[in-house]
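I am attaching a structure below and will ask some questions about it afterwards.
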Amino acid sequence: MIKAGIIGATGYAGGELVRLLSAHKETEIVWYGSRSYIDQKYADVYRNMFRIVDAACMDDNMEELAEQADVIFTATPQGFCASLVNEDILSKVKIIDLSADFRIKDVSVYEQWYGIRHQSPQFLPEAVYGLCEVNREDVKKARLVANPGCYTTCSILTAYPLAKEGLIDMGTLIIDAKSGVSGAGRGAKVPNLYCEVNESIKAYGVASHRHTPEIEEQLGYAAGEKVLLNFTPHLVPMNRGILVTEYASLKRKTDAEEIKAIYDRYYGDEAFVRVLENGVCPETRWVEGSNYVDIGFQIDPRTGRIIMMGAIDNLVKGAAGQAVQNMNLMFGLKESEGLELVPLFP
Amino acid sequence: MIKAGIIGATGYAGGELVRLLSAHKETEIVWYGSRSYIDQKYADVYRNMFRIVDAACMDDNMEELAEQADVIFTATPQGFCASLVNEDILSKVKIIDLSADFRIKDVSVYEQWYGIRHQSPQFLPEAVYGLCEVNREDVKKARLVANPGCYTTCSILTAYPLAKEGLIDMGTLIIDAKSGVSGAGRGAKVPNLYCEVNESIKAYGVASHRHTPEIEEQLGYAAGEKVLLNFTPHLVPMNRGILVTEYASLKRKTDAEEIKAIYDRYYGDEAFVRVLENGVCPETRWVEGSNYVDIGFQIDPRTGRIIMMGAIDNLVKGAAGQAVQNMNLMFGLKESEGLELVPLFP
Amino acid sequence: MIKAGIIGATGYAGGELVRLLSAHKETEIVWYGSRSYIDQKYADVYRNMFRIVDAACMDDNMEELAEQADVIFTATPQGFCASLVNEDILSKVKIIDLSADFRIKDVSVYEQWYGIRHQSPQFLPEAVYGLCEVNREDVKKARLVANPGCYTTCSILTAYPLAKEGLIDMGTLIIDAKSGVSGAGRGAKVPNLYCEVNESIKAYGVASHRHTPEIEEQLGYAAGEKVLLNFTPHLVPMNRGILVTEYASLKRKTDAEEIKAIYDRYYGDEAFVRVLENGVCPETRWVEGSNYVDIGFQIDPRTGRIIMMGAIDNLVKGAAGQAVQNMNLMFGLKESEGLELVPLFP
Amino acid sequence: MIKAGIIGATGYAGGELVRLLSAHKETEIVWYGSRSYIDQKYADVYRNMFRIVDAACMDDNMEELAEQADVIFTATPQGFCASLVNEDILSKVKIIDLSADFRIKDVSVYEQWYGIRHQSPQFLPEAVYGLCEVNREDVKKARLVANPGCYTTCSILTAYPLAKEGLIDMGTLIIDAKSGVSGAGRGAKVPNLYCEVNESIKAYGVASHRHTPEIEEQLGYAAGEKVLLNFTPHLVPMNRGILVTEYASLKRKTDAEEIKAIYDRYYGDEAFVRVLENGVCPETRWVEGSNYVDIGFQIDPRTGRIIMMGAIDNLVKGAAGQAVQNMNLMFGLKESEGLELVPLFP
């Protein structure tokens, strides 16, 4: 049994890690870290876990945790993981960091978009960007995995094959993203109150959202060129789900069959990417609770653009599910272990 | 592998059966019956099942199905199962009927509340009311199980121990129930449109809802007396979940400790009933997607009443999950096989 | 023009007062009190008011406000109004208090249920309970009106005629109430976050909710006897609306026609109470945004009980609308001035 | 009093017309047309209108209606108005058509996108496109007004000043739109059921939605060039509201102050367009129930694009409110008569 510790176990991503790891046959959770609820029973905070989890919450002691666990998941705010990780810890335990600390290779880009000083830039070169479908082999060998952001996962995977194949003009790429409210976290803030979010939709972080450079960096690797794009997130009144609608000009004439064939070539063998049949648009309801990414597209011959669409559950493939997928790879388990979740509908 | 056939596989309860049986290790679905979608791919109707279910929908041929399956689930409107079942079919296959056809022993009560003629009253004596926690031993031996209604399951289990122990005055019992919209089915009706249901709550079927006699009959067995009660269902703008709030006068002085002890005695060993700690009220979010029944209570010394509360996922413990639990018992499997579902939150 | 001051203008009830008074032809708002947002533009907090309200938020200075206003609305937590009101203030300005401070005549009951010391019990005798349909004449002469609670307004008006006429056994009265989330206020608390409330329903304050003694006192006046009852509030995932479902045993044989006639006798001339036709149940969607109370009922001859149901918009008839109705009465205006709001659907 | 007839009075747009016209001081509704509910009381269909509207529904007899009314609103499916309108009717009554029949000047474009034959192309030249802020003077003189679509109103007004001023490259314009569910109408269809829409978001009509050519035509007039663009609608789980997010490359260097000044120049005197302060994004909750269009923008210097955003209530400014605004203009009333609606929040 792999011993897993979670820091930030009472946030929504942390809670989802608990849900997934509780049902994972090769894992045992040994540490429910939650600074806010130390010594309270975990199941008193997340009552869905009543009679499933008996443990109490513990503090965020990463040194101590490194002694007890084989893998640490940090589902914590930016800066936390980078401020504590060190060579000693990494020599004892693998770390899967769900924050942005190790996602961006260029420390100056990180510091500019996040507005904080990076405390451990020395680990950036070794950190692997844990988008399994793209970096699978590197993940297998990693000690430190930077688990991709929720918007990012969906945005990148949706455009990746066409960027890689050079079919779209990267300078025209626009990503309009829509997220459920769990993506905003469990902090007690007025803008996240039920009555503030319900029956409304808004854009936020326009031209300034922190996931932008992460998407640009990864799609830049795929396209083999520097990419600047517009990414606009929106808040949708629903608990879970991210939908991205991506627009780009096609660099040459093509058709739906060719595009479909490309997507199938990249994703046909992937356990968690479902390329939809031509003409079918993804909807977040069809992936809820699962680790799937559903991808569809539509060519507009009038404008010469392609509209690519992707849907994920932000807490699963966008956070905890992908983290578990990374863990499976890092420990040599079956990649889909504990993740063969049938989407819940309705 | 148990071969399972589903009639009514594209309704919400049928869809949930597909979700649960797809993940069940001892079962294989051999028949996706759906009159409305014959020959269409099941996954074109329920796209969450894309790449999971490859089969197409078939008609509702119970005779043919009896040849191919070990168990038939009928997730169909009232009257369907009773109109088709016969000795020949029952000699070949076990039937779990999710409709009301075999829930009420007194055929005249059934005909009065449902307004239709019962086509197979000869099977009423043998049909077992499939509330596993109450009738476990009978279910194990049954050929024909009447799977309880969603409101009923929650209403009965919440009051059962106190009714059985004679602690509450059954003549004072009032059940105020609240259900998510999936309980209203997948029929295309104006009152179930998004804009008609969203941002509103209403009572319906007041003093006339068909689950009333079913609850009265079962609690009557428990109390050892004829029971008449008020049951008022309400429609709540959410997909899943039933909450019942039940009021009854206590027949004698008691306290929370004693009541808790009684509940624990009845349910302490049950895999799917969670008696909450004193002072904790059940919430439907904590059971979503799972087969749990969460039960809590509060004594009001001012009025001499006890308020009992129960929460279930109407599509799981209130329909498909309980049906699978019954199947497990009927086939000698572990009762919780395929049902160890961690509730999904948020 | 009546000069109105609002203390607590940035809570949900306060915001609704601003909406209603902005459109009221005889009123001008002179003071937007909000301790949390002093000096910020009101329309920066409630952007629906952009280009409608130009003023900035001010502090909660009741002395100063008494100089400038003809009427003060206190949409503030319990204890605030009672701690500041005095004879000097009341000699200059009328006060409509939306908190509970002056609703309960018996100061010991108030202190027991609210757990705070009452700072101005000397004004309790003169304070008028502002349920206009019941206490209209007293309201007209009042200096200090205690605006009823949201649950209370709906609960009392729904049962009032039958209590008054002695048709129901008050000892059997049970009120099961369901409220939208705006009733929980705009405080930044985890339990009110979108993801905590959405897709769930729960009871809370079971056998202990503070609106209980207020309902008991008022229905006690109607029935002419001391009343003890069960009141159970539930939180429903919707912004606005309260539905109450009330159960009581009938004291004698009656029928729907007689009951309807009684309701019509009490409410037939009321501008804001709509007695529904027999067999029709109230739904909160039909009163949203308006000052209406919709009332329906169903007799159950099997149990000898009547089920009474009422629906209001908690922020209008349950708070701000009723406060304006009281103001209209206190200042000799047409009672429905500014309140002829057509419900918004969907 | 202007006598108004509504055909299609029981759809959502028709219902909103009833709400607005009921409260309009210069109007009286003389005809509640609804083929589906002939002879049923209007208030039995829309119970919010109980005690407000006493009339019964009538058929769709436009000839007869022309005798009784001064203005006819057709809130009907495409093809209806065009199939019935004639010179005789137009000589007696003004028509405001909420369908698409007279929105597109080029009949072949209409027939291609809508897939039906236009029955009255002879009236296309005279029909005025009723976007009041753009075509105010023409509307005043019109007999036949084509009331713009909901997506269209929001899409056009958001981009109009910059298109007109030649600031944006029209060939790069992309409109990503999000709508509440009332935009899908009141038809009893499975995809609009509560459980199908709730907790999900999807794109639909990608590269093929019928509002595309309408937007292209109108923005083409503004820009003085033929415009082809991508318009992608999305369905959002909320009752009301449309948000558009529009992307375009700027044709020259500019800044927020200049853009704001342009918007203010176009819209500063408009009663219903609110140009938000720099940095503020529109949200549908702030316009709900009102006739406002809220517009904001953000320049992205990294990509040289501007992101323009607009929000409306699809049933008010996107349908019934704009129709009343047109009526006011056509009859020489104050343009905002009956439309000074304070947005309802929450």
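Order as written gives the chain letters A, B, C and D; numbering starts at 1 within each chain.
Following the convention adopted for this analysis, a residue touches a chain if its C-beta (ideal position, glycine included) is under 8 Å from a C-beta of that chain, and two chains touch if they have at least 3 such contacts.
Remember, predicted model here, so these are calculated numbers, not experimental data.
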(message) Count the C-beta contact pairs for C-D and for A-D, then tell me which is higher.
(response) A-D
(message) If I list every residue number at the interface of subunit B and subunit D, are over half of them used by both copies, so same, or under half, so different?
(response) same
(request) State, to the nearest whole Å, the distance from the C-alpha centre of subunit B to the C-alpha centre of subunit D. (result) 46
(message) I'd like the Å distance between the centres of subunit C and subunit D, where a centre is the mean of that chain's Cα atoms.
(response) 36
(request) Mind checking the centre-to-centre distance between subunit A and subunit D? Centres are C-alpha means, answer in whole Å. (result) 38
(request) Pull out every residue in subunit A that's touching 2 or more other chains. (result) 12, 182, 195-196, 198-199, 237-240, 283, 285, 288, 346
(message) Per the contact definition, I'd like the list of subunit C residues that touch subunit D in the complex.
(response) 12, 15, 19, 22-23, 46-52, 182, 199, 239-240, 274, 276, 280, 283, 285-290, 294, 340, 342-346
(message) With touch defined as at the start, can you tell me which subunit C residues reach subunit A in the complex?
(response) 12, 181-182, 186, 188-190, 192-199, 237-239
(request) Provide the residue numbers of subunit A that touch subunit D in the complex, in ascending order. (result) 172, 174, 176, 178, 180, 195-196, 198-204, 206-207, 228-230, 232, 234, 236-241, 243, 245, 247, 281-285, 288, 298-300, 302-303, 305, 307, 309, 311, 346
